[in-house]
C-alpha cells in the first residue's frame, strides 16, 4: 500500500506531470471515441495528399507492369522514440507488399535497422502466406544496409539502381540520407516519393523527390492508404490541434494582460 | 589465430602502417569522389566495402559494448542480473525471424520492442515536445512588456510573428475537410487561409534549413580535400603533422 | 470471403468493415479461396494457387457458357448497353437462378457506393481520390464483377453466328488421304511489293516490335517532368562545386584575414580561458564519422585550447562512432604535447548507448554509466584524472559536439534539467537552426555552428594555426548556389518562352 | 496464444514505461529502465539479424549471379574480417587502423558527396514555378548570404539578420512542424498501446 501512496504523493507534487496526465487522458478519450466511430464506418472527410494518391496509383501500375516498387523504411529503431516514424514506413511497406503478394509479384524493402527488418520480415511473410505463395517468401526482398544512415543511403541507392524499379518510396525516419538516395537515383528516371518528420531531413527531401509528405502527414499514411481505423487518430489529432491553438491563444492573452508569470 | 598477424603488425615501424593507411584512405576517398562523374566500378567497390565494414564494425561494437559485458554480469551474478537472461532469451527468439519456419517466435520480442517504443514515443512526445513547445509559444504580445513607447511596439513584432506563425504552421497540417453546411464551409475557408500562411512559413523554414545543410555538406567536402591535399599529397603548408 | 488487411479476420463477402477489428475492407478487396485459403485479387475467377473457382457457381457459368455455341443461342437484347446488365441477361437464361452471384454483385455495388459516400466532396476528396484511382484496377473491375465476366466473351462473339456455320461440313475434306499424300502444291508466288509498301511494312514492324520504355507506366502517375538537368549540366554543376572547394589553393585564402570571431565563439573561448588549472570539463563526442569532417577541426581547436589551459578533460560519446573519433583526436593532441598523458590529463570513458536513459544516469553516477574506461579498461576510480569527479555536476563545463539535434535535446532535457551546469553545444551547421530556440531560452550557454568556426575559435583563443581556413571556398560556394539559382530560372524562362511560341 | 502473448507483452511493457513518465517512483523507474535497456539489448540482437540478412543476400548474389560477383565477395569478406577483428581484438591497433583509414574516409567522403547533391537538388528546388519555390529561393539565399564566414567583416548586421530570420519566422514554422509531429507521434504510439495497430503479430 505504501508504494502506492508514495506514487500518488509524488504524482501530486509535480505540476508538469499533472498537466501532462490531463492532456494524455483527454487524448486517450478522444482517441477511443473517434477510433470507435471510424471503425463503425462513420465518415470523416480529409483533405487530399497528392503523394498518397500517387502511391495508390503506383501500386496499381506496378502490378500491371510487373516492375517492383522499392520502399525505403529508413533508420528509425523500434523500441526507442523513433518508433512512430519507423512504423509508418512499415505501414507503407505493408500496403505495397500485400498488393504485390496477391498478384505474386516482387517488392523491395530496405532498412537501416535490424528491428524494422525483423518486423518487415513478418509483414512480408504474412502477405505471401495469405496470398497462398508462402514458398515465394525469400530473404532477399528485404535488405539491411546499415546501421549508419549514409551507409544505408549508399547501399540502397546501389540496390535500386542495379535493378529496374518502378518507383522509390522513402517513408520513415530519414536524415540527410534522404537527399543522398534521391539524388543518386535521380538519373534513373524513376518516380520518387517520400516523407519524413524531422524538419532538417524534409527540407532536403522535398527538394529532390517528386512528391513529398511533410511532418505530421507522414503519420497519416495508414489512414490514407488502407487502414480505415487510422482515420480515428486523424480526427483526434485535429481536435487536439484545435485545443492546443485555443490554449496558446488563451495563454498569450493572459500573459499579455499580466496574469501569467 | 588473429594474434599472429597482429603481432606481426606491431613489429613494423609505426610509420609504415600510417603511410600505408594514408594511401588506402586517399585511394578510397578518390574512388568515392569519382561518383561525381557517374557510377563506375571504383565507386561500386568503395560502396560495397563501406556496407560490409559498417555492418561488421557495428556488430562488433554491439557485441563488445552491449552483449558481452552484460553476459558476463549475468554469469557472475545471476540473482541480481536475471533480467538480462530474459532479454537474451528474447533476443534469441528475435533471431528466429531469419528462418521461415520459426519466424513466429520473433513476435514476442517484437511485441516488447513495439510496446516500449510506443510508450517512449508517447511520453517523450507529450512531456518532451508537445507541452514544452506550447509553453514556449506563450509569449506576451503586450508592447508595454518590451519597452517604453514606440520601442515596445518595435520589439513586440517578433513575439507576435512567433505566436501567430506557430498557430498558422500548425493549422497547415489540419486533415479534416468537411464542407457540408455554411458554417462548416466558413470554417474550412478559415483553416485553408491560415494554413496557407503556415505553409509559407514552413517553406521559409525549409529554405533556411536547406541553406544551413548545404553549408554543412560543403564543410565536409572541404575536410576531404584538406585530407587529400595536405595529408596525402603534402601540397599545402602543414603547420603540424 | 474478404480478408481484413489489418487483422486477417476472414469476413463474409458482403462485409464492408471487418467484423473483428472494424477496419475498412474497402481498399483491400481480395478474396480468400474457399478450398486452399489463398488470397486472390478481387477480379480473379479462379484461385491462382489451386485453380479452384473462387466464387461458387462461376465454374458452372463458364462450362455452360462454353456450351452456348453448340446449342442454338438466343441473342440477348441488342439494345442493352450496360456491361453489367448484358452479363446478367446473358447469364440468366442459361444459368438460371444464381443467388450467390447476385449477392456478390450487390455487395460489390455497395462497396462502390460507400466509397463514393466518402468521396463526395467539393474538393478532390480524402479517401476519395484513392478510391477512384486504385478503384481503377481493383474495385471498378469488381463493381463489374469478375464472376460473370467469362460468359461475356462468348455472348459478345456469338450473336452474329446465329447458326453453326460448320454444320454439314464434316467429311467434306478427306483429311486422312490429304495427310498421307505428298503435297502437290508449289508455294504461292509472293505478290510483287512496291517500295512504299515495303517501307510501310517495315515501319509497322518496327513500331509493333518496339519495346516501350518501361517506366512510362510510372510516369502516367506523375507526369514526366522535362528533365531539368541533363547529364552534362549536372557534371558542370558538380565541377563548379569542386572548383569552389579548391578556390583557396589558387587564391591563397585571402578572405581569411577578414575572419572575425562571432560573439558566441569569443564567449566560449573566454569561458575556457577563465577556467583555473586543474578544473574539469566533460566533452561528449556525439557525432559520427560522416560529419567528422565538419566538427573535427573545431573539436581539435577546443581540445588544444583546453590542453594548453591545463584543464582535465573527460570524453565520452552517445554515438557508436564518436569514441573512435575522440580517441583519434586525442592521439593527435597528445602527440603534439608530450606532457599530455592519458589517465592523468584526459580520459575517454567510452560509448553510452540508449541516449535518453543512458544520459539520465550521468546525473547520479558516472561509474554506473561507464563500468570501465575505453582505452585502458580500468575502473574509473583508478584513473587519476577522475579524482573528485563522480557525477556530471562535478564538472565545471560540459561541451557537446553533435551532428544530431536529438542528442543535444536529450542533454538538455534529461541531464541539464535535472542537474544544473552550463552546457555548450558545438554542432553541425545543418542542425544549428533547430537548436537556436534553446540558446534563446538560456538552456544552452553557447551554440556554435561548426562549419567554418575552427578558424574563428583559433583567433579568439589566440592559438592560431598556420593553415588555410578555407574561407574563400565558402564564398565561392555561395556564388555557385547563386549561379545555380539564376541558371535554373533562366532555363525555365527559356523553355516557357519556347513553349509559348510553339503554342502560337 | 500466438497473438495474445506478444500483445500482452506490448501492452504491459508500454504501461510500465509510460507510467514512469508520469509517476516518478523509484520502483517503477527501475522496471522502466530495465525495459529501456532491454530494448537496446534486443536492438543489438536485431543488428545481428541484419548482418545475417546482408550475408545471405550477397551470398546468394555471389552464388547465382555472374554480375557483381566480385563486389559481393568484397562485401562479405570485409564484413567478416571487420567483425572478426572487432570481436577478437576490441580496441586494438588493427581495429583502429580499419576505423581511421578505411571506415572513416569512406563514410566522410560519402557525406562529402552531399555537397554536390545539394547543388543539383537546388537546381530543381530553386526553379520559381510556384509561390512556394519563390519563398524557398529567397529564404535560402538570404541565409546563405548571411552566414558567410567573412560576413561580419562586410557588415556587422549580417549575423544579426541571420539570427533574426532563424529565431523568428523559422522558429515559428519549425515549432508548427514539431507540434504537429508530436501529435502524430502520440497518435501512432496510442494505436500500438491500444492494439489498434499490431505490426508485430
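In this document, chain identifiers A, B, C and D correspond to the written order of the chains, with residue numbering beginning at 1 in each.
Basically, a residue touches a chain if its C-beta (ideal position, glycine included) is under 8 Å from a C-beta of that chain, and two chains touch if they have at least 3 such contacts.
The shown structure was predicted, so the numbers you read here are calculated from the model rather than taken from an experiment.
Comparing chain pairs B-C and B-D by the number of C-beta pairs in contact, the larger count belongs to B-D. Averaging C-alpha coordinates per chain places the centre of chain B 15 Å away from that of chain C.
Here the spacing of chain B and chain D, counted between their Cα centres, is 3 Å.
In this assembly, the C-alpha centroid of chain A lies 14 Å from the C-alpha centroid of chain D. The set of chain A residues that touch two or more partner chains comprises 17, 20, 24, 27, 44-47, 77-81, 83-84, 87, 94, 115, 117-119, 122, 139, 144-148, 150-151, 154, 176, 179, 184, 187, 199-200, 202, 204, 206-207, 214-216, 220, 227, 229, 234, 237, 241, 244. In chain B, 35-36, 38, 44, 48, 50-51, 54-55, 58, 61, 66, 94, 97-98, 107, 110, 112-114, 116-118, 120-122, 124-127, 130, 134, 136-137, 163, 166-167, 170-171, 173, 177, 179, 202, 205-215, 217-218, 220-221, 223-224 are the positions where the chain touches two or more neighbouring chains simultaneously.
Across the assembly, chain D contributes 21-22, 36-37, 39-40, 42-43, 45-51, 53-54, 68, 99-100, 103-104, 107-108, 110-120, 122, 124-125, 137, 140-141, 144, 147, 166-167, 170-171, 174-175, 177-181, 183, 185-186, 188-190, 192, 196-197, 199-201 as residues in contact with two or more other chains.
In terms of which chains touch, the assembly is arranged so that all chains touch all other chains.
Residues 121-123, 125-126, 231, 235, 238-239, 241-242, 244-246, 249, 290-294, 296-297, 320, 335-336, 350-351, 353, 356, 371, 409, 413, 428-434, 437, 441, 449-452, 465-468, 470, 473-474, 477, 481 of chain C touch chain B in their complex. Contact residues on chain D toward chain A in their complex (touch as defined above): 21-25, 27-28, 39-40, 42-43, 45-51, 53-54, 56-57, 60, 68, 107, 110-111, 113-114, 117-118, 120-122, 124-125, 174, 177-181, 183-192, 194, 196-197, 199-201. Partner chain C is touched in their complex by these residues of chain A: 36, 38-41, 43-48, 52-54, 56-65, 67, 80-81, 94, 98, 101-104, 126, 130-133, 148-150, 164, 166-167, 175-176, 187, 189-191, 199-200, 210-211, 223-229, 231.
Looking at the complex, you find that chain A touches chain D at residues 3, 6-7, 10-11, 14, 17, 20-21, 24, 27-28, 31-32, 35, 77-81, 83-85, 87-88, 90-91, 94, 113-115, 117-119, 122-123, 139-140, 142-148, 150-151, 153-154, 162, 176, 179-180, 182-184, 186, 197, 199, 202, 204, 206-208, 214-216, 218-220, 222, 227, 229-230, 232-234, 236-237, 240-241, 244.
Residue ranges of chain C in contact with chain A, taken from their complex: 3, 5-6, 8, 16-17, 21-24, 26-28, 30, 32-33, 36-41, 47-50, 114, 117-118, 121, 123-130, 133-134, 136-138, 214-215, 217-222, 224-225, 227, 231, 234, 288-290, 321, 354, 356, 404-406, 430-431, 434.
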